[in-house]
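Here it is: the structure, laid out below.
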Amino acid sequence: MKKYTLWIAGGLGALLLLLVPLYFKSTFVLHIYTLTFFYIGLTAAWNIMAYGGNLSLGHASFFAIGAYVGALLYVKLGISPWIGLTGAVAASFVGGMILSMPLIRLRGPFFTLATIAFTEVLRLIAIDWRDLTHGSAGLNIPFDLGWLNLTFKSGAPFYYIALALAVGSVWLSRWVRYSALGYHLRAAASDDQAAEALGVDFNLVQITALLISATLTAVLGLFYAFYSYVLEPATLFSFELFSLQPALNAIIGGMGTVWGPVIGAVFMTPLGEFLRFYLGTIQQGLNYVVYGIILIMTVRFFPGGILSLLTPLGVRFKRWIGDTGDNQ
Amino acid sequence: MKKLAMLAAACICLMQISVTGVFAEEKTIQIGALYPISGNLALMGEESWRGAEIARILRNRQGGVAGKQIVFRQGDASTNSAARSETERMIEQDKVKAILGTYASSRCMVASEVAARKDIFYFELGAIANAITQRGYKTVWRTCPTSLDFCRGQVNFIINWLAPTLGKKANEIKVGIAHEDGEYGTSVANSFATLAKKTGLQIVSVEAYSNTSNDLSSVIFRLRKAAPDIVVAVSSSQDAILLSRQANELGLNIPIMGTGGGHSFQSFADGLGPQANGVLNVDFTQYHVNTKYTPGLEEFVKLYQETFKHFPRAGSSLANFMGANVIFNILEKTGGSFDPEKIRKVAMAMDIQPGHTATGWGVKFDKEGQNVRAECLVTQWRDGKLVTVWPKKFAVMEPILVK
Amino acid sequence: MALLTVKNLTKKFGGLVAVHDMTFDIEPGEIVGLIGPNGAGKTTLFNLISGIVHADQGSLMLAGKSLIGMRPCHRSRAGIGRTFQVVRPFDMNVLENVMVPALTRTRDTSKARKAAMEVLEMMGLAEFATRSPGNLTLAQRKRIEVARALATQPKLLLLDEVLAGLNPTEVAENLPLIRQLRDTGVTILFIEHLMDAMMAVAERVLVMDQGALICCGTPREVTSDECVIKAYLGEEDPQC
Amino acid sequence: MDFYIQVLISGLLLGGIYALISIGLNLIFGVVRILNFAHGELVMLAMYGTFWLYKLYDLDPYLSLVVVLPAMFLFGVVLQRFILQPVLTTSGVMKMFTTVGISILMQNLALILWKGDFRAVQTFYSMSTIKFSGLIISIPRLVAFGAALLSIILLYLFLKYTYVGKALRAIVEDHATARLMGITVERHYLLAFGLGALFSALGGTLMMPFSSVYPTIGGPFTALAFVIVVLGGLGSMGGTFLAGLFIGVIEAFAGTFVSPGLKEAIYFVIFLLVLMVRPQGLFGMGRGTEEIGLK
């Protein structure tokens, strides 16, 4: 009986998640859930690259590429976003290939700097190329309803889309981690020369991880664009929102694991909203002061993130249900 | 898969705690106040909020609206995604039936879209992008001028004062535009271009620069090459000072006309000192104006200094003060009810002639909810004060041309 | 047909000549020892063969195919397995450490897991599968290095001082391992400083000094060759 | 013709200021190996310090250096000692995120304490210029350029000829070996961070006469400083100065002859290209950078 407690809890949790939109009519609560699911997806996508020890602070570029390609195909050529997905994936693939050149030659902080510079270049081009992207004036997605146009009156459809995206991203992140690619990435991260000597093609492995991560981020970007229906470079290419936030979620949740980033996203996203409307209104900027302090304290006192706090519980839970401790 | 589900159950209860802060419902009029009070627009966001706040305090002292006190539900639109979630929170959690705000056009576009989709009234008091009232939403109203009105003020001034002073005809005047590449700068630059075509003004150069840039020498060089008669500048905040300083440093002796934003700040004159003299500016009504046509302005400034301990920092608070009063008057006539039809009827019936509100604007809404009697006045920095110089009716000083 | 043919292999680091004009062959199934005083260029030779360092001149052929210009990962797939003098485990458990090279042969993780377990059993490390290499003895960690190299199913296995730093009993345990590896069809070239281990196992020995191959032959021939003795013990007036 | 010379001069002057701001980062990034995201905030803090000394005590910006520089040196030491030292043993990423936390903290504390206003200093000389044969040079910018050159020379001599300087250079090359040579690495980290903060403060203060300060001014400075330090080469002060001039001139010409909106994009593209072709930078000595991820 004990063995199945995990399954029962899991099933219950899934059921609860599916019923939420029916119980909560208010779109504000749905918005928080949807935003959290988007961030779970984004952090999981970012995490795929982190397995290989490469920390990108430029995922906003792929997020925005996906958003703009999908939106422009729809607004200018009337192509439904579902088909636009292929365009977004292709464009982010090209972006990924460009970023793969620095990836091969650089590691650590220098690669991170290259990703920041890459995003900055794309952001400034998006602002300057007004007749394509409408620049900072913003690109509005027209309000014509329908599943084909990814535009809805109520918040529920996007809740389910975001939930599906989150589950898909985490599944992909988990699949990559326990696949040949995952083992090779982790080996390359801990000792690239030893890995290379044992037959791991370091460059190929890292570039594959980058491309998977980039295309997944672009897909999330496309759905986010249709969810937020106003596209402007300052938001989509924002360093804080889509480059730094996934990295923060992963760090605070637990780096390099599958579930760490998920916990990080689930913890940080509602906290960010909560801090803003409680503290933000009391004193300008107070919420960000608390945010900064949380970050410094996390890195200082529990670098393993929340997951490192949960693992003792996990181990005790496993012993309780008499699990022999498989090595996952 | 089992771990994900267990985690999901945990996250639901976590979210329950964080979002159900529902406020008690008393006998008051709840209005949402959405401004960017943190992030890079914090300064102007807070200044704009203060205008609406003063209007609320004043109205509550006079008995509120239809016997009920007005309460603002605060929202911080620091980013677009924040603007969206705050609007939804105010509508669902705080049960507000109308929202005013915003100062920044992109925040207003997102917030008013969310409100429109829920048939909640959205009164824009300070953002100027034309598109806000061009989306055909019945519930979006705007009391302040649009970027087109800004440019109309500039073009009229250039044609009716600058041209004769320089002894040139309208189509001989050469105009250079230097604007920050954000949504504020782009929308004004586009509006100016359309108006210039109609009136024959020659636009000799349009220079867009990134609003995070800390050096504008290249903009100055390109303007020097184009050698316009006047430079129309659209600056968000510190780039206003930067532009004038580097113009002086690099010998660009051409008059500059700002478009609100950074040029309306008191810190513009404090920082530039004597160099600021003569810099023209088009914006909402400022404080040194012929008060015969701006009833209620002194009262506003007195209460502002009483509440915030210093003189208002920019004209945007005055504009928000005037707009908030218009909303309170509408609600007074509908007896405090937010019924869409009642509000629409009362608002459309409003017909106040220019010179009878605190900003000197009239109030007449067109079918798209835009106040067509909101106009921009031309002001000029003279010895650290922004004085109104055009049109004559509102002017307290004659404009002078400083090279 | 020799498994590994090396002709005039040379490598200079700036002015220092690490490997100078070496030529030798290794036949399939042989156990060949590589000895020489410290700094003779033994590890550099290993790095040249495994591709971590690229040769300035000379040719390197494995079963007739030239290795020059190939990156280490492709040489490993061509059949060259190597261990490092200083053990370099990945921060995963023992089984996963061996699965990494196994996964370069098969994409299927369960097949790779089975292959890795087999290699661990052969190396007598099966019960430590889920332990992290960090808390194992040096001898066991050395065996993990060998297990990882074996998991790439190499034709030629380069062992870099697998017995160094072990106490006598551990040496005695690991020694038969080398012959056992050869019996599974792997050709072995190994660096070792323990002369009695070298004598007991090696069928042929190559001796290096200051980057050059000064002698090769059976262990007995080599130990009686005076050049070798001079290289190790030095002497008053160099004639050799 | 003198239009081009004028653009060149203004590019060089701008480059001098950029170099001045970046020297501090070269020390911190080079010696302490931290990708310091809060570097721009150090400059911002010094600018606010200069402003308040001017506003409250009517102290001229150039004189306020006497107060601002030591204060910022101490602030740098305190920052390193109490916030960064404890996390030195963690991975490069964790250190980087600590500095991101510091950057967010400092920006928003500035917003809380001094509001969002942009503040400028108004001095008799901030508008003064030298004019000859049609060219105009702004004096405060020239002073900043001179200070940058002087700082580079002083720092170069300090690093080359003093014991402490040699110790710092040893740490830049290989802090593990430096430790073996008896260099108290942790204490030198404090010194490096203090000096880094001091030079950033020098840059911030000298910019006040021709620039204004607001809470979020630090961000673009941080990105710029990284570009210049990497282009100039880690640990090479001369490299930083030349890279600063290089970027200043590129920005001036790109902005004037291509488009003001894209000038930042252009120097980021150059940065990416150099990073790929010569990761150790145009003038860097290359050694000692493998450890932080250079092939």
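When the chains are written out, they are named A, B, C and D in that same order, and each has its own residue count from 1.
Throughout what follows, a residue touches a chain if its C-beta (ideal position, glycine included) is under 8 Å from a C-beta of that chain, and two chains touch if they have at least 3 such contacts.
Given the structure is predicted, the values throughout are model-derived calculations rather than measurements.
For the pair chain A and chain B, chains touching both partners: D. Spacing of chain C relative to chain D, judged by their CA centroids, is 50 angstrom. Between the Cα centres of chain B and chain C there is a gap of 75 Å.
Between the Cα centres of chain A and chain D there is a gap of 33 Å. The distance from the centre of chain B to the centre of chain D, with each centre set as the mean of the Cα atoms, comes to 36 Å.
The multi-chain contact residues of chain B, meaning those touching 2 or more other chains, are 38, 42, 46, 181, 208, 210.
Along chain A, residues 124, 127-128, 284-285, 288 each make contact with two or more other chains. All chain pairs in contact, by the document's touch criterion: A-B, A-C, A-D, B-D. Listing the residues of chain B that touch chain D in their complex gives 38-44, 46, 181, 207-210, 212-219, 221-222, 224-225, 237-238, 241-242, 245, 248-251, 262, 265, 267, 270-273, 275, 313.
Listing the residues of chain C that touch chain A in their complex gives 50-52, 71-74, 76-77, 81-82, 84, 88, 90-93, 95-96, 99-101, 103-105, 107, 109, 112, 130, 148-149, 151-152. Per the touch definition, chain A reaches chain C in the complex via residues 178-180, 183-184, 186-187, 190-191, 193-202, 325, 327.
Remark: chain A residues 6-7, 9-14, 16-17, 20, 26-29, 31-33, 35-36, 124, 127-128, 130, 135-138, 140, 143, 153, 167, 170, 228-230, 232, 234-235, 238, 241, 259, 262-263, 266-267, 270-271, 273-274, 276-278, 280-281, 284-285, 287-288 touch chain B in the complex. Listing the residues of chain B that touch chain A in their complex gives 1-12, 14-15, 18-19, 21, 37-38, 42, 46, 74-76, 78-82, 84-86, 88-89, 91-93, 106, 109-110, 113, 117-118, 129, 131, 135, 181-183, 185-187, 190, 208, 210.
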